[in-house]
Amino acid sequence: MEPPAKYLYYPGCSLKATGVAYEESLLTTLRLLEIPVEELSDWNCCGATAYMSVSEASATLLALRNLALAHQAGTKDVLAPCSACYLTLRKSHELATHYPEAAKDVERFLEQAGLPRPDSVRVRHPLEVLYTDVGIQRLRELTVRRLQGVRMASYYGCQAVRPYGEVDDPHEPVRMDEVLRAVGVETVDYPLKTKCCGGSLTGTIHEVGLRLNYILLKEAQRKGAQAIVTICPLCQFNLDAYQREIRKQTGEPIDMPVLYLTQVIGWALGGGFRELGLHRAISGRKLIEQWFTVKKEAETYV
Amino acid sequence: MSERNGEVRIGVYICHCGVNIAATVDVRAVAEYAATLPGVVVARDYKYMCSDPGQEMIQQDIRDHQLNRVVVAACSPSLHERTFRNAVERAGLNPFFFQMVNIREHDSWVHSDREAATEKAKDLVRAAVMRVYFHKPLERRRVPVNPDVLVVGGGIAGIHAALTVANSGKRVYLVEREPTIGGHMAQFDKTFPTLDCAACILTPKMSAVKEHPNITLWTYSEVVSVDGSVGDYRVVVKRKPRYVREDLCVGCLQCIEACVFKEAKFDDEFNLGLSKRKPIYIPFPQATPKVVVIDPEACIQLRTGKCKKACLEACAERGAIDFEQKETYEEIHVGSIIIATGFQTFDPRRMPQYGYGKYPNVYTTLEVERLVNASGPTGGQVVTRDGRVPESVGIILCVGSRDERTNRWCSRVCCMTSLKLAHLIKEHTGAEVFIFYIDMRAAGKGYEEFYQRVLNEGVHFVRGRVAEITDWAMDPSEEGKLIARVEDTNTGFVRRIPLDMVVLAVGLEPQFDALNVQRLFGIGCSMDGFFLERHPKLAPSPTYTDGIFIAGVCQGPKDIPDSVMQAGYAAAEAIALADTGFFELEPNTAYIIAEECSGCKTCIPLCPYQAITFNEEKKKAFVNEVLCKGCGTCVAACPSGSIKQNLFEDEEIFSEIEGVLAYA
Amino acid sequence: MERQIRYQREANLEWARQFTKQPGGERLLSCIQCGTCSGACPLSIYMDLTPRQVIALVREGFREDALRSKTIWLCASCYACAVECPQKISITDIMYRLKREAIRSNLYPKRFPIPVLAREFCEMVRRRGRNSEFWVVFRMALRSNPFVLFSMARTGWDLWRTGRLSLRKERIRRINDLQFIPAASKEVD
Amino acid sequence: MEDKPITDQLVTSADWEPLVVAFFCNWCTYTAADLAGVSRMGYDHNVRVIRVMCSGRVDPQFVLDAFAHGADGVLIGGCHPGDCHYVEGNYKTLRRYHLLKRVLRDLGIEEGRLRLEWIAASEGEKVAKTINEMVEQVRALGPLRLTRRFKEWDAELASHEAEAQSEEVATHA
């Protein structure tokens, strides 16, 4: 498959707030890969899990408005880095195609809003772009820095690989490891790759959310990982922001960097510390500084 | 038309089939309608047309009303066309003055709108009435049947079929792909529910095959081509070189001892890789024939030609070892074929959540059969791969069965196999055994009783399908163990159960090359890939190809007694066919009206049976009706319309088309 | 003592039938009650009913029991059940459907934060087109359990410090587009 | 006029129901239809099945005859390639099918009115699905009703002839 000429970037709400480092590192990485990308103009919330819980029809329409805008902009590939956005956009597309009832609602809405049918639009995930469109071989060639002797656990979370399984295999995903290895990072065999981080449960039923994250961190540690690499803003937030509380509750000395895949890749391709949002980490800051500070750059950014 | 056929007097009979048809189709209305059609003298409906009184009614009408055509609207012709043709014939009419209408499978069973179904029935009956008008009297066709029988596959089904046919005095060729017969049953330890030793009951039958004067046994051989049809199949069998002459080897096994490989280092297929063998080996001590075989991939001499050939020395006087052996081909003629090619077990790597291939102590049921077997790789010791006697063992049922993502069917034997293994493991090790099941299926003579016995032995039955096997401990008690995470649906909570050994009760599925076998023999497959029987209830061994029968798991999952029964049934069919001495064919052959043939030769290359020849002198084509199988392809292609087909004449089909469309 | 018996008249069979006709519910009747969903679910250990039991309740028409269970609100939509289910049942979608119906029928636990979050989220998106994480969480906490705000303060500070806490209320330009989306409360499934 | 599909010129009447004639081979598709029946897989009733031994027996004339006598669609069912009971009859069918499609196109009959489908004996579900799809497709195309068209054309022709004759008479007079 020919990689598309341009991607339309759909940030979603998280990448503008808690996940801002994901946006920074993604855009930097794409820039270093010389892939043209443009933010979708006037995008709205994808509908996500919470909206689906209230109204399926409304959530579908919300999501499809974005795809219709993308269609209008004339770009086929919409890049949705947030796993929840990725899944919701895909699911809505599917619902509108396979269920005549839903399709009718969609048609009515789009007509009223004066928007086109987004038939040809494809929803893509950054991992797909790195693995499929760019390719392991090219990543290897473009690598300018190597993280020597750092072991990482690749963590997909749930929604990116389920239920459609196009980003990677839902049981034993391997692509993230391959991408990481391409830039010289050592990965550990992490059995909880696709286990849930609890999503918004950390905010609602706190102790349950904490427990899930504790298990994820603990197992990564047990398998010898020094950091966890994620592709979802909510996973990153949960694993990163609550380590202090987990330490307090369990008494275990956990202080582990939780990085975005695009931060690691972007750095390997030559990206800078701040432009990859590495300064925004809450946990494992010491290690992050130790790994990602390059002498020359350190001078620039001190 | 009427000039050719005289006055046409048609009787039409509409069957209720109990309520099968009558509930959806207004049979009375159809009969009343049929009575108004041209040529119809009498039209009736009746509860069961195929019953004796039903047939009697037709015969009486033929006599009373001088009927010379009969139409029966009932079930599919594949079920009762023959029945009614015979009934018509017994009343003195040519059996082919009959036409059957399918208003059950094609109408009442697939439609629910009574009015529409009734209209459809009327259309179909009208078409048949218009068609039968043109029917001609035909001769029944018979072909002689060669009494020899080919059995493909030497597992328990093939063995039993071969012995049964051979005992009736017929010649049997038994062809087996592996170096020995015995199949999967030879790998089993005990058999459920009686716990008979599998080898003890199987090996006598294996020797009986070897010794039977009427059986020609070809192991390490495969059927490569099949020609002809019922009564006269011409089959070519490839005999692969085993590099050992079967007629000279006496099975002393001294060559194995002498082999330059002092250590066995190649995966032993019979023990599923749980033990090793040498390049020259015998699959198991009771292998039949008791002849060694050389693995060309492993043997130094065959790979490089540079071995000191110690085996050859050990076999000096007999000279049975022959590195020059080449594959040979045998051609045989048989009247019928029994296919018993068996199954393969589900590859649990397809379900990565169970960790087979990743965690060494996850096994399949077949592997554990070998472990508990006294002559198996561990001498009957049930130990994990790291040599420990397990304290807790979990058996997971329905692995690759009852699953939309892998195989949808129930494999039927796994419940009982697992009960048996649970009993044996407990007996051998005293371990706590957990059986994870969705439903316990123990239907069979003595099976439920066996289930009770295992329950009382204290095996734990956890009702739930295990979600995953991990080695990821969340509790000190789980360190170093495999953990099954499962909802115990009986108690309604999720459990984590630490295990030393996990046994996956893998399902049965068609052989990897079942599709090739299906094509080779021209039989069908069901949706699941198992071979298709002619009728699921009443003809579970014959296939749609006359003279070919199926037996054992190749037709669908079943246990040993069921396989043996089906094999006996297939054998009885083959014997009956051979003893009858002939087979009756549909007289649907093509023929050419010589005067109308333009000699264009279009038809000649179309016939796959070379049944059409061209008479250069007369410039006319000619159909050899003995070779013609009656597909009608040449008929459709003939530009001058001079080729006709019995039972499917152009005017018969045209009137059928017009008949179904008369109201359009 | 509470009586645990269920009379057949309490089973809403029509509701159950309707359920199988909605997106996601098509394969509901294929359930063989194997419990793979519950075993695969990371949260089933916190639920009052396992997902399998919820499926059984829905299929048998015990509407209220299904809608009142905490299970549906604990579902984090991770789709582990849907990926593992041997009958390919979209269990996640069934949970969504039950959540929606519970909200519409006012059958959800009142101070339980999850449905509150969902409603606050939707309100904000309806009005502004985007969600501002801080404000959604803030309002949810106010409505369910204000004390939780104290425990969140530390995390909030961490986020503020690293520039990850945005207090801006985002809003899309063509907010009018959204007026054509039927209001959630009026939706009839 | 010849360029437009014939159906465009007809008004679709409300009570019109499509009718599809199906030619099924005895070994695969007819058996599959039996299986659909045994499994009670309901499908659209607007289909009439005619059994032939092999799809290779389906003479193009059968198809044209069916259209001429009022069928709105024709479905041919045979064994999958490689599975033909008569070795390769279905390949001959395939070749003829492509030719037939061209003939139909030239006659102004939409290609969608003819369909060839490989359906194995075990594929009862596919029989039901194919029939339903075919009926729906034909329903969407509208009535073909060649029988009625023939009558109209005949009448038209007759009136032309009558006119011509009367003109002739007039000139002669």
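Should a chain be cited, it is by its letter among A, B, C and D, assigned in written order, with residues numbered from 1 in that chain.
By definition in this document, a residue touches a chain if its C-beta (ideal position, glycine included) is under 8 Å from a C-beta of that chain, and two chains touch if they have at least 3 such contacts.
Quantities reported herein were computed from a predicted structural model and do not represent experimental measurements.
**Q** If you tally contacts for every chain pair, which pair is highest?
**A** Maximum number of inter-chain contact pairs occurs for A-C.
**Q** If you average the CA atoms of chain B and of chain D, how far apart do the two points sit, in angstrom?
**A** Inter-chain centre distance comes to 36 Å.
**Q** Please report how many Å separate the Cα centroid of chain A from that of chain D, as a whole number.
**A** 54
**Q** Could you tell me the distance, in whole angstrom, between the mean C-alpha positions of chain B and chain C?
**A** Chain centres of chain B and chain C, defined by C-alpha means, are spaced 49 Å apart.
**Q** For chain B, give me the residues that contact two or more of the other chains.
**A** Touching at least two other chains: 353.
**Q** Send over the residues of chain D in touch with two or more other chains.
**A** Nothing qualifies.
**Q** Go ahead and list every pair of chains that touch.
**A** The list of touching pairs comes to A-B, A-C, B-C, B-D.
**Q** Considering the complex alone, what residue numbers of chain B touch chain A?
**A** The touching residues are 352-353, 470-472, 474.
**Q** Per the contact definition, I'd like the list of chain B residues that touch chain C in the complex.
**A** 353, 398, 402-405, 438-439, 463-468, 485-489, 492-494
**Q** In the complex of these two chains, what residues of chain B are touching chain D?
**A** Where chain B meets chain D, its residues are 76-78, 102, 104-107, 109-113, 116-117, 120, 123-124, 127, 518-519, 522, 524-527, 532, 536, 544-545, 588, 606, 608-609, 629-633, 635-637, 645, 648, 650, 653-654, 656-658, 660-661, 664.
**Q** Flag every residue of chain D that touches chain B in the complex, lowest number first.
**A** The contact residues of chain D facing chain B are 19, 21, 27-28, 31, 33-34, 36-38, 40-43, 45, 48-54, 56-62, 65-66, 69-72, 82-83, 85-89, 92, 96, 120-123, 125, 128, 145, 147.
**Q** Using the touch definition up top, name the residues of chain A that touch chain C in the complex.
**A** Counting only chain A, the residues touching chain C are 13-14, 16-21, 42-45, 47-58, 61-62, 65, 87, 95, 98-99, 102, 105, 108-109, 112-113, 115, 157-159, 162-163, 165, 170-171, 194-196, 198-201, 203-206, 208, 212, 241-242, 244-245, 279-282.
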